[in-house]
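You will see chain A twice below: alongside chain B first, and alongside chain C after that.
Here is the complex of A and B:
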């Protein structure tokens, strides 16, 4: 039985459709991450789950209980907000205990619970302070403490780390991950940060314009995006999208493009272009290839059937320390390559790079849908 | 060099501003000063001296008379009974209109419902309705309710008239508070009134101070409603003051008039002195944050 079922949930404000029929089911203990561009309806979906907004259509179930019309307090959900929303007039202790107090938990139990949560989040020394006397990271912890105190069935996090500086964000990310592993809680989590999404999620839901585009594990989303939007949204630097033609080669259907010399090169596709028809040969398609699949020639891969060397012109090099990002142009679009910093490169010169096509994907240039599966 | 000349001209400007401010303060304080001087003189001194000449000594006879024996229309008990009347009107009226305004503002800002914007818009119109317009309908209403000429009736009038303003004050303050506070409290299980009492009200001190001062001054200084809707024994001090000034046996007793006026103005003055700092702070708080 799913811990949370979102069944064809729709939300309209007057004429504007903000959620256009979302279907998601998550298991107990699962960590679901919602991502999508600003304004795509993530917060609206979270608020609908929490009962802070009424859905226009569809059902929401927590466990096997239909809570579509239940008020927030009857849903047994805790939420951590982007602004933390700590009660400014209360101390940290009172903030954490407030929900318990409202639910008439006896005082001794309340105190024990505050103590447990404070210990877990290492905020015991802050209990008597007001929120205004805390740093951003401390406030974030208190906000999590308040959510953890009631041991609800479901946790919602709406961009909980976005107000923190980069270093603290990484720290808190690790802590949230540990906390989730330790407590086995069910979490729905909104973020704009792809690394947060990749590292924390059991599954990622990618949304756009109120629609769910793909719901899958981080690796699946990364390797096997449902369409060009998902492919471009996840991963940094983003996947390269290179226009090319479908062409027959000696190992099946592949793609044809021009290298840095203006010479045509043919590149193979995984499984000899499985899922493509002979009738489609010559059609212009968009090849999706992540930057880390275009590298310096690696001897141990040299003989593999899906690996080819292509001459490219080095336009710009951007050393990041671990790798050097090489910018080049293929078929009129900019292409990012991730090259070992020790591989000799000269700006403006030709270089021979290795294209590993084993994770290549194809999209329709007009509908942006996947073509090869 | 450049720096020096700049600071010099800046300094000049600063002193100019101070001078202007001092002049303004002087102009505004002058009547108060004259009133105070006059109230401490006897009639002879007033007649012989000028407006600004100092009294011969601290003579509180006029104050005594204004307080307890000056004639206001029919009776000659000074203005003290009417001062009490004013307090009986002002205190409940301020308390009720502030509380209702806080609740209204809370609803309009945080619990939007279908038509709440319209509701607020209509309420705002209430701020622009002149006193005179409501006189007749209000008189009909009060007599219908059996509250004509009573203190309760006057309290009701002031509450009704004041709610538009108090709602506006609280609403503008509350829209500056994060709505996520309400969401968090609802998820914690708190209901409408619990959230108001436990979270919103404790945050409202600045705007409560502003509203209380505003309402206190408005209602205390009101004359029109007081003169129209009060009975002879429920008159507020403003009406009594008018009667006192207009009741003259023989010559005008300027010293008693001035003393009575000062007594009548004292409560509002006190409120400003005690809470004026919060008033300015509260009025600007929303502006800076918003």
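Here is the complex of A and C:
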């Protein structure tokens, strides 16, 4: 049985549709991450789950209980907000205990709970302080403590780390992950940070304009995106989108494009272009290839059927230490390649790079939908 | 570094003398512009405060005389029954005025904060009394509260002959009339202050409290209002100083009467200094009022300035 079921949830403000029928079901203990561009309705969905906003249509179930019309306090949900939303007039202790106090938990129990949470988050020495006397990271911990104190059925995190500096963000990310593993809680988490999404999530839900585009595991989203938007949204640097033609080759259907010399090259597709029809030959499509699939020639892969060497012109090199990012132009678009820093490259010269097509995907250039599955 | 310095000296040397005079002027201009106001404030405010302080130590009557008699005027002041009535009235009037204004202002602000329609219009209606001078307020309420003209007459004319509302002519109750008029005038302003404060409250905090299970009244009582402590403080200081310097309201609404039962210290001061030829006594009462205002303002300014420095 699902811990949270979002069934065709819609939300309208007057004429504007903010959520256009979202369907998500998550299991107990699952960590779901919502991503999507700004304004796509992530916070609206979170607020709807929490009961802070009424949905216009659809149902929300927690466990097997329909809470669509229940008030926030009856849903047994805790939420951590981007602004932390601590109560400024209360000490950390009172902040954490407030929800318990409102729910008439006896004092002794309350104190034990505050102690447990404070220990877990290592904020015991801060308990008597007011929120204004805390640093950003400490506030964030207190906000988490407040959510953890009640042991609710469901946790909602709306960009909880976005106000922290990069280093603290990485630390807190790890802590959240540990916490989730230790407590086995069910979490819905909104973030703009792809790394956060990839590292924390059991499953990722990608949204755009109030629609759910794909709901899958991080690896599945990364390797097998449902459309060009999802493919471009996840991963950094983003996936390359290269216009090319479908063409028949010796191992099946592949794609044809121009290399750095202006010569045509044919590249194979996984499974000989399974899912494509002969009738589509010659059609212009968008090839999606991640930068790490375009590398220096690697001898151990040389003979593989889906690997080809292509001459490209090196326009710009960007060393990052671990890799050197090479920018080139293919079929009139900029293409990112991830090359070993020791591989000799000269700007403006030709270089031979290895295209590994085993994870190549194809999109329709107009509808941006996947073509090859 | 050295190079830059050298270039600078060079260019300065090349500048025409006219440019240098302009530089000077630019330096001096702010000071020149500020001097007149500074002088006026120094002489007219602090100078006259000092002057009044000195006068309160003399036995001046119709005109200032520099015949110092020490604290004699203060002794006389605190033996004066009329002054004691005025002080008593101030405590009663000020206390009630501040309390009722705060309570009403907070209440109205919370109501207006519920995202109601026509909020702008309502806000303006509540704020308008603030735009009227106390003289007008006083005169209007004099008519409203006058038993033979206003409310009492109206209710009588509806047929409720036993109704009586004669606080304006009742020496024991007349202070409450002052409170009613002053609250009518100022509570809208307090409301506006609190409304601004409420609008600044983080909505996510309210949501968090809702998820914690708190009802809206609890959220206001436990979280929102306590976090508006600075607004309470500012409103208190503003209302307190309105109360202490209330002069025109009394002059217009009751004229200090019946008898001198609704006098406030400011009226006492004016009467003695300017119409009863007791300038020394009037000056002494003015100094006591100043003390009262300072007692409220100094802690306020102190906390404000200290807060700024910490922030």
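In this text, the second predicted complex is superposed on the first by the 373 of 373 C-alpha atoms of A that agree within 3 Å, B and C clash if a C-alpha of one lies under 4 Å from a C-alpha of the other, contacts with A are read in each partner's own complex, and residues count from 1 in each chain.
Keep this in mind: a residue touches a chain if its C-beta (ideal position, glycine included) is under 8 Å from a C-beta of that chain, and two chains touch if they have at least 3 such contacts.
Remember, predicted model here, so these are calculated numbers, not experimental data.
In the model built by aligning both structures on chain A, chain B clashes with chain C.
Legend: residue contacts after superposition of the two complexes on their common chain; A:301 is shown touching neither chain B nor chain C. Of the two partner chains placed around the shared chain by superposition, chain B and chain C are both touched by A:99. By the touch criterion stated above, A:73 is placed in contact with chain B and with chain C alike. In the superposed pair of complexes, A:89 makes contact with chain B and with chain C alike. Contacts of chain A with chain B, set against its contacts with chain C after fitting on chain A, overlap at residues 47, 50, 52, 71-73, 77-79, 81-83, 85-89, 98-99, 102-103, 146, 150. Interface of chain C with chain A (complex): residues 202, 204-205, 207-214, 218, 222-223, 226-227, 229. Residues 47, 50-52, 71-73, 77-79, 81-83, 85-89, 98-99, 102-103, 146, 150 of chain A touch chain B in their complex. Remark: chain A residues 47, 50, 52, 71-73, 77-79, 81-83, 85-90, 98-99, 102-103, 146, 150 touch chain C in the complex.
Interface residues of chain B facing chain A in the complex, by the touch rule stated above, are 178, 180-181, 183-191, 194, 198-199, 202-203.
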